[in-house]
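In the two complexes that follow, subunit A is the common piece, with subunit B as its partner first and subunit C second.
Then we have the complex of A and B:
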């Protein structure tokens, strides 16, 4: 890749600096620029700082999913634990709903160990699911974990959770859930059961699950493990929270941030032409959706992004350069070392250089 | 560059040189008046109070639990009052950026985040690195993790405990060690619901007292300047004064710092069985020179409580306002609870407010009582100016008392205490004493050689206004605030200890993480470069 171009204006290969200057011009003349981000912590920090500088809005590439996950917490809170504590203390793990494939390795890893704290029983698995038929990508997971399925004919996940909660409170009259007695018996033996859920869950279902966990905590202990749909998106949410006080889908006007998951949905803004410049930042090289407004693409790509006024090839943290990312393996941030160091510039370095060619030439705060 | 501050009333208790004099700054450091030297820059501060930059020893300004509070409460920002200023992200409500600006505007130049879980140290330091202007530091939490508790249960050598504490402090880049309701978070995972100083953690057969004593001794042996920072058991509960008294009695000739004593100042008298024991606790503190405390003053209004004391936060869920909260059973020391709360002018709020002030006013030695609201637990730190006023004016206290629950106040000594803090005492409590307590020799005073962290306040009748909007603030010799507005962005450092790592302990940590978490130690450690700022840390030395 070394002798190939890393920057294009339109379809024309240019130097990185020319491209950066061109982006700066576009940003200066933009009335309402929006940033759609897919980056590690440091790429995110710089993108948010630049969004503030130019009075734009920012969102994550997986903004819809992330907004739903953020709402899970902001709507009602939760009782949660960490993957580490689950591994060490929980002899009863209950999967709730679909768990994204990205986390199957974590679960398989968990299945290969037994708790060394608490009751120290051999770990058993259950799966609360809407349909008794597991999704196809869960096949391997199910073969390894052999979870006991909790479900009921014709009940969606909401119905199963509601019936299960009622059952555990001794209030379920219908008795229609499969294997519920086995779960009750397992709960009786486990001192720290953990319910694993992902951001794919909807808010009412999570409320029901958290209600169930709260019920269990009246007499004994129980918790839940949240596995975000996309670790990088969750990392961007956490970074945004400390930088602005708000999750993504935050916009700046007069440098005051405001959070509005509908108004600042950047991909919607692009579709509806509310924005007039779309800065697409993708460390994973995802292609931007087609839009009818100006596009700047900072992407891990070997060729220009179709439709982009300017394309800059950027590296990915943990591959091309070092970085910091959120990981569900430990439930917090960890540092990444470049696995295949390259000369592709980091997103942060491109955005910082961009700020320096801006009128005022003031460096970004990060 | 030579800077001169002319004509200020300098309050500098450490050097006993309070009075009208000039201050000189060269290259970020305070210097003696140069002979015949002409300043490149002169600031006329006549009529102003000049103190060293203030130091906050206990304020939850960053890290996993603080960030979870932001996640839970996007509506909370109003309580933290964004004030637009022409600096990057500084008007972002309740953010790291605003935290640095708001502290600086009040003349604070160093702030300690007192509750960093070692396992999430990278997250904490990433946040602290995005707090502009001021220097920061953290205390590493220990005392609820399996490794510590197993060492103590198995009666391993004190040398091994010391090696572990040193490794934790060094690898998490902390300035000291804190223990939070020692053993309770571990016990809570085993379904224990209340936990006192002599109660036993089930897995380990250890009392809370034994954990505190072991860590206190280790911190002392290692020469960590800040004494073990203790968050006692039974926080917030009627009768908790007994727990605090027992902990104070447990110093046994070695220093201990007790955090937010106000939250333990409660007895069981009165119709509501919730009364003030502040006078009794103040007497105990006055009589025990090994104890230092900070207050955790309650002010009124909406806030959110953020604590790693997961057992206590779980028990407080019923009082959540609004009705939502997050409870985390974390790895070892990384759990906690985020419970929003509104302090009202009712019986309970009024009593808590009075207990804090009683402690401030009845503890006689300003070197041993520290100025905190346990931000944001008792109140956001933005309430500091009003709190200074209450301490410096008995009249202001009387005026506020008329708005509060008279029945509660009658059960306290507050009305009869007429003490008013002097500027000298304020300077000790918020500058000199914190520097001494944390082992920071380069700050908290204004002698030649100190870093030029200086706060200049314009004297006025309105004490709160005076402290809310410093006339001038210097950080490392640079003007960063003028007339209460941030004028210059800069990046402070996180102050840390760096005790040498014992090789055998590093090996032990590798094995422990491999075996217990199935992950290599690299998942949990990081290099300074991970922070992505130039020189994010500054080292402070241990006592030899």
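Then we have the complex of A and C:
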């Protein structure tokens, strides 16, 4: 992208500073600016700090998916462990529901090892799945792991989990579950069973699963491993929690952060014209949805974003510049080294410059 | 004295927090002070006078003429008096209400009656998801009072209901009575999947056999119990229903056995 334009006002190529000053003017005059973010930790921190400065609201680009995953934890809470603990200590791994393809490599990697702490038995796999759900894309995974299927005829995942939990508690239930005795036997032998689930589950299923894990902890140890649908989105949620105490879909209309997954759904606000300026921040270059309000696009793009009042081309952490991002493979943040360093500015640096041309000329505190 | 009336002048540009427009919220305020109360939620928030024309003096009885899906937290925190909204409302109407009467002549968004502890809410239209349910991180939903939805309710109605009565006239979505702690939910019309999932105690009362029930609910036949007749009389006396829900000897399921199993689903048996 060397020697190419990195900033446009409308369709006109301009200098980066001119574009930044124009964005500052739009933000100052906006009644209700909203930020939709997809960035690494530094970019996310800067965007949230700027949203706070201008009294806006923010959400992740995959806001609906992330809100559902956040609700899993906010509504119920969860006992969770890391992939590393699972690999080293768990001889019994129970997959629950559909696991996104993006995480199959992690599970295949787990399948290639055995625990070296705890009971050290050969790792065995089960899969709790509903008969009513659409067929998953787990063919290769199943061939490698050969999990024992726990399910019941005519039961969806909710029904299977409920029946399984009741069975393990020795209570009556009317379903008929396959292989439940094998699971009971495996639970009896394992010192650290781990239930693997993803954000594709609905909230009641997670509540039932976490209840089951809590039941098992009355007798021994058990935990669960959460694999988010999108690592970057989950990293944004953790960064937001760290900065504001709330996950995305938080607004700063009266200077204090307020979390409301309905009110501060930024893409809904754009659709319903509740917002009057949409700042779209996408390190992956995702195009914003068409809206009928002012648009500022900070996106990894080689051309102006259609419909944007201002477009600034930005780099991606791990490709154009170094950065920090969440990795579900290790269960925490990790540093990223630029694989193809370029002169594209980072999101954080653009937003920092933007803050400095704002009235008051104060840099962002990150 | 004529009820204080707030007539909507035009559709608001932003979402509004109308929790201040309750008899307690405006008690002791002059007309000019009421008109200057902030209700907008954007950087340049609207005040009452920007959006509503005020008339009447009885601050114990309020009327909002005209509604909008952007009217959030209507009647939230209300403790006494009455509030009538002629039109639709947004989310969290009647949130944490502890007394008084809220009548909404239209539809409502999510979290209608969330965490209410007393009083009466009546909605003539449809409600969104999470009727009477808690917000994120809260341990209990509705804790008392009566909530009537004359239309249909969305998913998760009565989530973590702890006390009080919820009545829904035209059916509801999935997971009604999810994680119920106690209290009573009455539904006439079609009920979605998994009613009572994870309920600990409490009563779900339906006018038909529920479909898609969790296998952790155990059929208990048709017990001859006094409760059904007693509750039928209550529903009619309160104006919630105009004819008995159950009739004689309703069918019964006990559950949810994946938790304590002390809840019940009663339903009208085929005659």
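Keep this in mind: the second predicted complex is superposed on the first by the 356 of 366 C-alpha atoms of A that agree within 3 Å, B and C clash if a C-alpha of one lies under 4 Å from a C-alpha of the other, contacts with A are read in each partner's own complex, and residues count from 1 in each chain.
Just so we're on the same page, contacts are C-beta pairs under 8 Å (C-beta built on N, C-alpha and C of every residue); 3 or more make two chains touch, one makes a residue touch a chain.
All figures in this text were calculated on a predicted structure; none of them were measured in a lab.
> Overlaying the two complexes on subunit A, which is it for subunit B and subunit C: clash or fit?
Because the two structures are overlaid on the shared chain, the partners are seen to fit without clashing.
> After lining up the shared chain so the two structures overlap, which partner does A:204 touch, if you call subunit B first and subunit C second: first, second, both or neither?
second
> Between subunit B and subunit C, point out the one touching more subunit A residues.
Answer, by number of touched residues of subunit A: B.
> So, A:159: does it touch subunit B (first), subunit C (second), both, or neither?
The answer is second: A:159 touches subunit C but not subunit B.
> In the superposed arrangement, does A:253 touch subunit B (first), subunit C (second), both or neither?
Only subunit C; A:253 stays clear of subunit B.
> Applying the touch criterion given at the start, work out whether A:172 contacts subunit B, subunit C, both or neither, answering first, second, both or neither.
A:172: touches subunit C, not subunit B.
> Is A:87 in contact with subunit B, with subunit C, with both, or with neither (first, second, both, neither)?
first
> Regarding the shared-chain residue A:75, is it in contact with subunit B (first), subunit C (second), both, or neither?
A:75 contacts both subunit B and subunit C.
> Taking the C-alpha centre of subunit A as the vertex, compute the angle to the C-alpha centres of subunit B and subunit C, in steps of 10 degrees.
Once the two structures are overlaid, it is 90 degrees.
> If we overlay the two complexes on their shared chain A, which of subunit B and subunit C does A:49 touch? Say first, second, both or neither.
first
> So in the superposed three-chain picture, is A:125 touching just subunit B, just subunit C, both, or none of them (first/second/both/neither)?
So A:125 meets neither subunit B nor subunit C here.
> Let me test your reading of the model: by the given contact rule, A:364 touches which partner, first (subunit B), second (subunit C), both or neither?
first
> Once superposed, minimum distance in angstrom between C-alpha atoms of subunit B and those of subunit C?
Checking C-alpha atoms only, subunit B sits 6 Å from subunit C at its nearest point.
> Hey, what residues of subunit A end up touching subunit B and subunit C alike?
70, 74-75, 254, 259
> Considering the complex alone, what residue numbers of subunit A touch subunit C?
Counting only subunit A, the residues touching subunit C are 30-33, 54-56, 70-71, 74-75, 152, 155-156, 158-159, 161-163, 165-166, 169, 171-175, 204, 207-208, 211, 251, 253-254, 259, 261-263, 273-274, 276.
> For a test of understanding, state which residues of subunit C touch subunit A in their complex under the given definition.
Counting only subunit C, the residues touching subunit A are 13-15, 41-45, 70, 72, 91, 109-111, 136-137, 175, 178-179, 193-194, 197-198, 214-219, 256-259, 261.
> Along subunit B, where are the residues that touch subunit A in the complex?
62, 64, 66-68, 70-74, 77, 80, 82, 84, 86, 88-98, 119-120, 122-123, 126-127, 130, 132, 146, 188-191, 203, 314, 324-331, 334-335, 338, 489, 516-519, 523-524, 526-527, 529-530, 532-533
> Could you please specify the touching residues of subunit A with respect to subunit B in the complex?
41-42, 45, 48-49, 52-53, 70, 73-82, 84-85, 87-89, 109, 112-113, 116-118, 191-192, 217, 220-221, 223, 237-239, 241-247, 254-257, 259, 322, 324, 327, 329-335, 348, 364-366
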